[in-house]
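Going in written order, the chains are labelled A, B, C, D, E and F, and every chain counts its residues from 1.
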């Protein structure tokens, strides 16, 4: 019972984090703060996916133990079957590994664009940029 | 040889100590007034978390979980250096 | 027998480390100023970080687990402890320097040799 | 320069290979070969100038270093921890913090690192700045007993400096 | 106004929670999906026909089952870095004084950087056995040049002979070789009329093209898991050079005067 | 026990996100975003994803904070209401 409650509580907390970061990206005027909340949004989504792949009785990461670079001995079928019963879901992790690196690539691009904006307009706050550039 | 079950008997006590320390450190992080104090508290917090991570790996009895400990320990130093650079940059202006 | 002794030495070290960590957090609250908190942070990183990691080495040596697992745990803990002993003091030094020089916080001390020397221009 | 260069490469190759093997956790022959290759490559690029004078390397210095490390992390640390923990635990503890100037006379980089890390790692003293030209360390001392340069040196860093002379100079 | 600042995020979070709860994704009783079970069953099993000959399921899926996909993800990274370089200004010399940090930090950085590099190489090389791989190794590696560039100035990286041109060349080489390793089966299939797939690793029931799983050395047998180890190493080179380059430009931008307050 | 630990970590991550949202000093907000990543790193460890943990410690923690502080030097440190 208490385990179940804690389980739902973790999910709820992660989703609340997503909510707060979405709101912050939309509302806060400072570009750096927008970017910080953007990274938090990404992180929360990663952790949410990993959380969805975790089962309460799992004790192993999705890596077969006992491997070595030289003279490796592959596990037998029964060992692997026993291993499957105690591991987490690898598929969310597969998606996220590349997503993290691409997230950084996108983020670098955002950073460079912000640097250009700062040099062009002398400010990083979006409301001020609007005043400086004279747009509506 | 001491059995793994004996360890599972004492591990909750040890982990809870570090968890309590983690909570208080993070309260310190959240309530600090200046950037310097905050980063200082984060230093101590991350070192605390390194130990906690090793204990979690011991709990799961999996060597694979130890793999992130060394990058995390060296991250603290990176944070210190970059914050010092940032502050110095503002000072020299 | 020796395993039992090693194991309990390790548990004691980790336990002492945890207690030190909590005491360091109290120190963080008691000291009101950045420069005095630096000392509490040292307790947190050495007493609460390095000693527990050494303690984990002792625990693992006395524990009945796979030989290979023992090696990995021992090695990683020792390397992590080494990095902590090497990098944390340098980190707090450079942080303190940055904070001092940027005048984020000025120390309340009985004597400030660094400030005097900086003012006289003897040190850049 | 040449001898220093090659000794430096060899020593750091061994150290890095050990780190690689420990982190990897398996000790086969192929693994050791790869470790040595990686060690040579990395130390050629990143560590050619980390040892300045190979003629100083001797087993006596090594044993002194280990003796110092053991002594430092048991006796000296315990004393320093206790003195700061007293300040934390006593509700009305009085202390007088000061930034003192401590001269040092060692020349090698490693000695400076050893002294300053030893000072910072003992709770109660933290190196805030270092003046390389005039050879001063500026130390924040939580409970200063003296503000004069030489006396502060006597109670803060003299022991570390003696060992630094024995190990690195 | 102040109340709205709290209410709206909570409403968003609660809405998401209800959505996920109703779809049953959050329930405590859960089991592996069929696809995950198949992956876990076949990939590490050397006697199976769909094996990848690797112990690490995640990396095996990334480079074997989803190799084509991952190649384009790597290219996304490549193009992002190209765009970064295009938008960043030219490398004019920085006016004004730049100082490196104190001797303590410089020495600690110099000791720490090789250790981080060695650890990252270990992570990348053992990608098919223990957790890790090219992406992860590259991500850990970047901490080292970044620390060196912060402790010294950004000139450090040029003083060691790593010009931006060389780094970009390595980066492109990495991506190209990954594509080549994926294309070889197709070329082979055209020349010999044997069925083979793009980014194929081990033999499949209807295709007998096979990258070798083991490498025989005079000392002993090394497990390379077909293309997986090779692609991990190439990916490691590509990621580390790309990020080092991007951070080189960013650090130079950071060191310039001006801006702020 | 492990669930309790992870729920504490998730809560602390949520609190730091909220503080990032309301903090006026953007430099502190950036560092708080780093703290949030630290707790999520612990969550990844607890949820048995060592693969992600390495990538995340390198990128999500280290490089993001550095980039954000780089950008911040070129603009205002404080965000007006």
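One rule holds for everything that comes next: a contact is a pair of C-beta atoms (placed from the backbone, for glycine too) under 8 Å apart; a residue touches a chain by one contact, two chains touch by 3 or more.
Quick caveat, the model's predicted, so the values are computed rather than measured.
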Contacting chain B as well as chain F are chains A, E
Joint neighbours (chain A and chain C) are B, D, E
Chain-centre distance (mean CA atoms) for chain C and chain D, in whole Å, is 14
Taking each chain's centre as the mean of its CA atoms, chain D sits from chain E at a distance in Å of 35
Here the gap between chain B and chain C, centre to centre from mean Cα coordinates and rounded to Å, is 10
Chain C touches at least 2 other chains through residues 24, 26, 38, 40, 68, 72, 76, 79, 83, 86-88, 90, 92-94, 96-97, 101
Contacts with two or more other chains occur in chain E at residues 5, 9, 56, 58, 101-102, 104-105, 108, 111-112, 115, 119, 123, 125-126, 130-133, 135-136, 138-140, 143, 146, 219-220, 222, 243, 250, 253-254, 258-261
Chain F residues touching 2+ other chains are 21, 48, 50-51, 53-55, 57-59, 62-63, 66-67, 70, 72-77
Chain C contacts chain D in the complex at 20, 23-24, 26-27, 30, 35-36, 38-40, 42-43, 46-47, 50, 68, 71-72, 75-76, 78-79, 85-86, 88-90, 92-93, 96-97, 100-101, 107-115, 117, 122-123
Interface with chain F, chain E side, in the complex: residues 5, 9, 56, 58-59, 123, 131-133, 135-136, 138-143, 146, 243, 247, 250-251, 253-254, 258-261
As the complex stands, chain E meets chain D at residues 102-104, 107-108, 110-111, 113-115, 117-119, 121-122, 125-126, 130, 144, 160, 217, 219-220, 222
Chain E contacts chain A in the complex at 5, 8-17, 20-21, 25-26, 28, 30-33, 35-37, 39-41, 44-47, 53, 55-58, 61-62, 66, 70, 73, 76-77, 80-81, 83-84, 87-88, 125-126, 129-131, 133, 135-136, 138-139, 219-223, 239, 243, 246, 250, 253, 258-259
Counting only contacts in the complex, chain C reaches chain E at residues 79, 83, 86-87, 90, 93-94, 97
